[in-house]
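Which chain is which? They are A, B and C, in the order written, and residues in each are numbered from 1.
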Amino acid sequence: MTETAPALDVDRVLAALEAVLMVADEPVPVAGLAAAVGLPVEEAEALLSELAADYRGERGGRPRGFELRDVGGGWRVYSSPVHADVVGAFVLDGQTARLTQAALETLAIVAYRQPISRGRIAAVRGVSVDGVVRTLLSRGLVEEAGHDDAGGATLYRTSRYFLERFGLRSLEELPPLAPYLPEADALLDLDGVAS
Amino acid sequence: MATSPERVAPGPPAGGRAAFEVSLDNFSGPFDLLLSLIAKHRLDVTEIALAQVTDEFIAHIHAAGEWDLSQASEFLVVAATLLDLKAARLLPTPTVEEAEDLELLEARDLLFARLLQYRAFKQVAAHLEDRLEEQTRSRPRSVRLEPHLAALLPELVISIGPERLAGLAAAALSPKPPPPGVDVGHLHAPVVSVREQASVLVERLRGARAATFRALTADADGVPVVVARFLALLELFREGAVAFEQAGPLGDLTVLWTGAEHGGVAVDDDYDDGAGPAEPVDGPSDEGRTEEDA
Amino acid sequence: MTETAPALDVDRVLAALEAVLMVADEPVPVAGLAAAVGLPVEEAEALLSELAADYRGERGGRPRGFELRDVGGGWRVYSSPVHADVVGAFVLDGQTARLTQAALETLAIVAYRQPISRGRIAAVRGVSVDGVVRTLLSRGLVEEAGHDDAGGATLYRTSRYFLERFGLRSLEELPPLAPYLPEADALLDLDGVAS
């Protein structure tokens, strides 16, 4: 903790760190967090450790259902393993071993148009695909492939596991699209579609 | 067209508008434009002095130059109503009981009612925008399932092969059919070409020299073809290629070939969609013009 | 709060709810949360409200950087709007894409007149809305709602995602349209003006 700062300021900085960490999908490097809240890296690191201890119930409050962990390269909030059984049952509820039609269609688009952003996929499918992409990510069929040069949107590609599951040695073994299309040149011009 | 600086332009700049809309400066419709003109003159919608805004409304439409009529028809309806109302005010109206006046009053009320309705939604949309702005300051937690939880998920059963995947991709990437809506195809491009029907008639009449209209249309596939052949005959008559004989009213119409034995007959394609000068019509062309709505 | 349960049990259930909320990627209906932690719906609801108050700093602790909100048909964790600037620097997503005036107006008409066909929306706006409706569909803000009995036209309604994005628990929370419409008297009075 910073010793000179008044309590209110520390509270505010702690809350700002929590806000970022709670909605970040990837571990956030401490340097970035420090810069965002205007603190030296060491102080930010100390505050992050404070938060982690707070969530574990070591600062007077009850143990939380979430944890803040330094996973090498950054900090991320996870669901607490103490409640893994409850969470596991919740996650499994309503889950099926099969991919939905929407998921298969999205997977097909990623396979043939990779790397591609969620916005582009949504433009092709005509519906929001955030949930579906997340499913494909958790299922390991697609993975991130850097960022779009223009807007910085995350790009996705199919994974090695995808190839494995579809019995392909490489993407080149994907069947050509042409025979399945009404006309080869009738393909949507993806560049013309809003992302 | 230029955007005059004093214009009240509600909403975001024109760049934010999608291309499918009537691009009339920044206005996303006739009501939008009308409301902004009313606002500019600080008029109350319910007490709108129409003459004050009619000219400007018409000027805006005029300035728009060419636009897609199917999109712009509402602008024209509103403009026509405004003009009617303005004209009615300029002319002395001795009695209000006349049917025309009542129609005008109804048209005005309808316009006001629609304008007021639109204004209500526009205002409530502004409220929604504020709300959205406010909500955007919070972001939902939405993270990938942690590996130990993802591992709990049942092993995926993937029941399709690469070929099916290609089929799905092809279907998704192919151009979509236009959304179900009003098909305006029938409003454009005559389904039956008068010029084509003229070709058919020229060939038959050159062979037969004379035929009744009944006989010439006996094989017509539907009323449009009959109409097209009738129009084609009028065109041919204008060119002096045919003459008509009719014994009496409602009697059989006999068509006589009076044109040249060979060569083309100019048939103006006023009726058809294609622009350009009249082209000579031969017998059925060897190019096999089969398209009906080119 | 359940009054009979020992504090430790309540703490454990609160933490279990937190743990489940950490893995949710859409608003979770209270019934789903209640089932996950094995409580009646009313008790689960009370505990969720407790958590929300706790995060707001109304239970003795500091205000957190995150909120628990009941919108769009369920409960979900959000970053606190207080720290929007800091969060915005880290989390890039489609949320910031603005809706055009045309899209907002169309959305408002759908929201208040649903289910409604494109034709009737166009009648209110005075211009064709096909493109705008497509945009709203692709953003997931509106969805199809069957067909018109009479003409067979496709009808549209707002989605649950719409509720969530606009921070509404239900459509009833939309502000009433009536104040925006002129009094019936004003309409009747039209004959008396502008002549």
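By our rule, contacts are C-beta pairs under 8 Å (C-beta built on N, C-alpha and C of every residue); 3 or more make two chains touch, one makes a residue touch a chain.
Remember, predicted model here, so these are calculated numbers, not experimental data.
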Ranked by contact pairs, first place goes to B-C
Report the chain closest to the protein's overall CA mean, measuring from each chain's own CA mean.
C
Go ahead and note the Å separation of the Cα centroids belonging to chain A and chain C.
23
Rounded Å distance between chain B and chain C, as computed from the means of their C-alpha atoms:
37
Measuring from the mean C-alpha position of chain A to the mean C-alpha position of chain B, what distance in angstrom results?
46
Two or more other chains are touched by the chain B residues 139-143, 145-146, 149
Multi-chain touching residues of chain A, meaning two or more other chains, are 22-24, 78-79, 84, 87, 91, 126, 130, 134
Chain A contacts chain C in the complex at 11, 14-24, 28, 32, 36-37, 61-66, 77-80, 82-84, 86-87, 89-91, 93, 118-119, 122-123, 126-128, 130-131, 134, 152-153
Mind listing the chain B positions that touch chain C in their complex?
10-12, 16-22, 28-32, 45-50, 70-71, 74-75, 78, 89, 105, 108-109, 112-114, 116-129, 131-132, 134-143, 145-146, 149, 179-182
The residues of chain C that touch chain B in their complex are 21-25, 66-67, 69, 76-81, 84, 87, 91, 93, 95-96, 98-102, 104-105, 107-109, 111-112, 118-119, 124-128, 130-135, 153-154, 164-167, 175, 177, 180-182, 186-187, 189-191, 193-195
List the residues on chain B that touch chain A in their complex, please.
139-146, 148-150, 152-163, 165-176
